[in-house]
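Written out below as structure tokens is the structure these notes cover.
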């Protein structure tokens, strides 16, 4: 009578740390991996028959194992290998997602030298990697996305906002100099395989950050459009970039209400950084 | 050279509380509202011209104002009115989203009687309402979704998991009696307007919860399918329901490793409630 | 040259779920347990000698084991047994803390009847239990605290705030009718063992909630003092109660700035629930 | 009948951002300030009389104003000025706390050069400053604490744990090579005023991080003791340091259970980073 439409299952937030210790100078990779399989799994829903269901626990085990067996290249290589493995080895899976959040660690400096095996966590920014694998043989397909979440960036000038549409509920004042701050959540789609996944990420991130800094902004919308273009300029293998940017409001604090003598000026110096609500600007830029 | 594809802008997480105080027995409504507009806004991105952009601050002001002027009916009525307002009054908006998270408050009982104007917050579960409005006149359209997030539910028996597919990475044991626990994130689409929005929500929620309790589960997949069907059975105006359910693992704690005498039995009595990773099962059930 | 002063070690946030299944009607207890030991542990710090250190992993194991062997009475009985165990069985521990956060679950109602083995999580409020055990034999001591965290409570009238001290930085207006809302974090000390731990908790909580509702408040300070007294009135075995209460501001939204016709009134009906900053009022009330 | 013992009130989490823009190269300071006053405030509790209560809203206003008028020196200078202001200008306050969390921002690099007015947020680590001011004139006192929270640090070798005390509940294996990871929450007390607050912080932080890296650890306890000593060595004006360090467990993943051929080795390379529970080690080191 009813229809089972879209369905998938997998393991969320497998937090794995891989240490590379073949030389005295160790390396660290800190990944939070989420897997999902789609395919011939309707029986598990309709009748409870699990005979085609590879447990999410097994998906987890495999994510850990592949960190050893397929962990030498870029994170993208690991994710592709894991997603391809599910599609190729599981007779019931036709499509597999592997999504990775990458936590960054900075090597500690001791007496002026980077330490061999100690790091401090750097955040809140995290790089993201997404892979969708399907088919096999000549039909094998892999789609790769990259991006970053929680990249919090702020400029203290070089941002205006005026000339906007007004209605009977509009009370906002116009400004030609404000703080512009956001927490970027950006995802880009690779239309081709870049020569170097890490270099592609670095180039895309640098393009975004530099553009945010140097573009004189008439609105966060305009800044996003410029950032998206800059990513496409910087990384030819990226075909599309989607940016979601909350406008994290910094309100100039009103000192004129105080009766202190002499009055305290506030020429864009002291701001209240508010939590909620926030503007939310979204844009997709494509070749 | 490049194309601005999808774009939208709005205000996120406007937290408003509406008190109804026309009688000594007050009522409370606690809403977190997010708005988004789509339409003729490309200039804001491409040239920085804001003349067609109704500020997100104005969207916020309007959300508060409508809590007074259109806050008497169901939350759905409020959200529809707000979304329609944006589409009809803003010459540049062709489509408006209004999404609402509803926090629940329980009236305090004092000396056996419900108090007139004091409540305690109940959570973590929150009802959701989503509206997408577009067009006008004969073309006017409104799509309404409902749902619930963070509905944490657990059954201590009546759940099995066995007979699953195995490969070289599989280590999970089979079980015919386990804890089944999840934190439901469910969204349903209304294909028609129900007679009573609140009654529709209650019926859908009751159907889900009752089915989770009474259906003897061979897998979380099967339980979701049954829950989705139960929602469609219970609320004829709902056309589709999508369920996302993390499998919040409760691992039986292994006491056999202890050398305590006498040994401590653990017949499905003491569990470790783990945080991450978790299974993640998703399904959409449609008429 | 330097001195090791205070030191302790233990296990944080052991999340254990205990199911009681001796009859068809199961019971659930959901505890997050933190342990800490103090005693003759300086060597572990000073020389790295661990021979007196019972691993935190063992403390965790014991917390799970005691959920089976000592889990029949109140949570306080469990926590006391666990803390006494550490002090009595570990030759190097002179004092043990056991702190417990208790998550509440409501039994699901199916067709009008409470279900035997299915529950929905109720929050955000959590009951707390704290035990400090020391000494042995005639010197054996146990101190027990109780309390609640994240008890979010709101009254929509019956609260004033005026006549306060002002200086040159004061801009706040006076009000004789406002929303009063807080998220209570309360801890009480038992000076004696009550007849029934659960009844004591219920009586203390009821006293607090009822007083918050019924006391006409001239300030959150005054309400806290009344609530503290009410707890001491209601539970003779409680000797001291400490209340920490953020003043969760609900600001009346200013509609007078809009140019809508007719103007929209806002007579204490529509509020912005702000996140930060918040007032923070603290008080300890003792016999 | 009952006694009002300890009491205080203030404003929590005032999030203020101060921009220094006297030259084209701006500077940013991002502070979350919490204030609390103690003094002659019993009437507010006992009778509701607010005539001695400076509103928390005024405390907030003053925190913003002082960011302009007293924001040129170190954060410690700002916090001292604000705390002294409350004690000296408010006739009813005898003691004032000002606690500050400092969020760090890294200047963006564009084309190899640090940008004048754009930064990216660095976390999760935050510097802390605490001031308690009391008295006036000859009795004027100021106590200053410093510290850091959420300093997440990890070493991939150079850490052992063995030879510990065992009982019937002990199952933990011994190891002579493990990951040691923690999230430091450290507070130090200044016994004297250092020549330079920022230099003192940097020296203390460097001492902690270097010691964590270079000290071959027999237990987290031992590492903390060494770190505490290193702070006291590095900053003569610090009299006491208190360290709280969760042992963030990284469990070696067991690949021996897989039936993959050839077997996959795991020689301290692939770990599961668990969330909860965690060890919690605490120590205070004093001169």
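Going in written order, the chains are labelled A, B, C and D, and every chain counts its residues from 1.
The rule is simple: a residue touches a chain if its C-beta (ideal position, glycine included) is under 8 Å from a C-beta of that chain, and two chains touch if they have at least 3 such contacts.
Since we're looking at a predicted model, the values are computed, not measured.
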Most remote chain, CA-based centroid, reference being chain B: D
Pair exhibiting more inter-chain C-beta contacts, A-B or A-C: A-B
Classification of the chain A:chain D interface as same or different, half of numbers criterion: same
Euclidean distance of C-alpha centroids - chain A vs chain C, Å: 37
Distance from the mean Cα position of chain D to that of chain A, given in whole angstrom: 28
Where chain A and chain B are represented by their mean Cα positions, the distance between them in whole Å: 24
Residues of chain B whose C-beta touches two or more other chains: 15, 61, 65, 169, 171, 258, 260, 275-276
Of chain A, residues touching chain C in the complex: 168-169, 171, 257-261, 275-276
List of chain C residues in touch with chain B within their complex: 15-21, 26, 28, 30, 61, 64-65, 67-69, 71, 105, 108, 110-111, 115, 117-125, 151-158, 179, 209-210, 212-214, 250, 253, 255, 257-258, 260, 264-275
Complex interface listing, chain D residues touching chain C: 1-15, 34, 36, 41, 44-58, 60-62, 65, 89-90, 92, 161-167, 169-172, 217-219, 221-222, 224-225, 228-229, 232, 240, 242, 246-247, 276-287
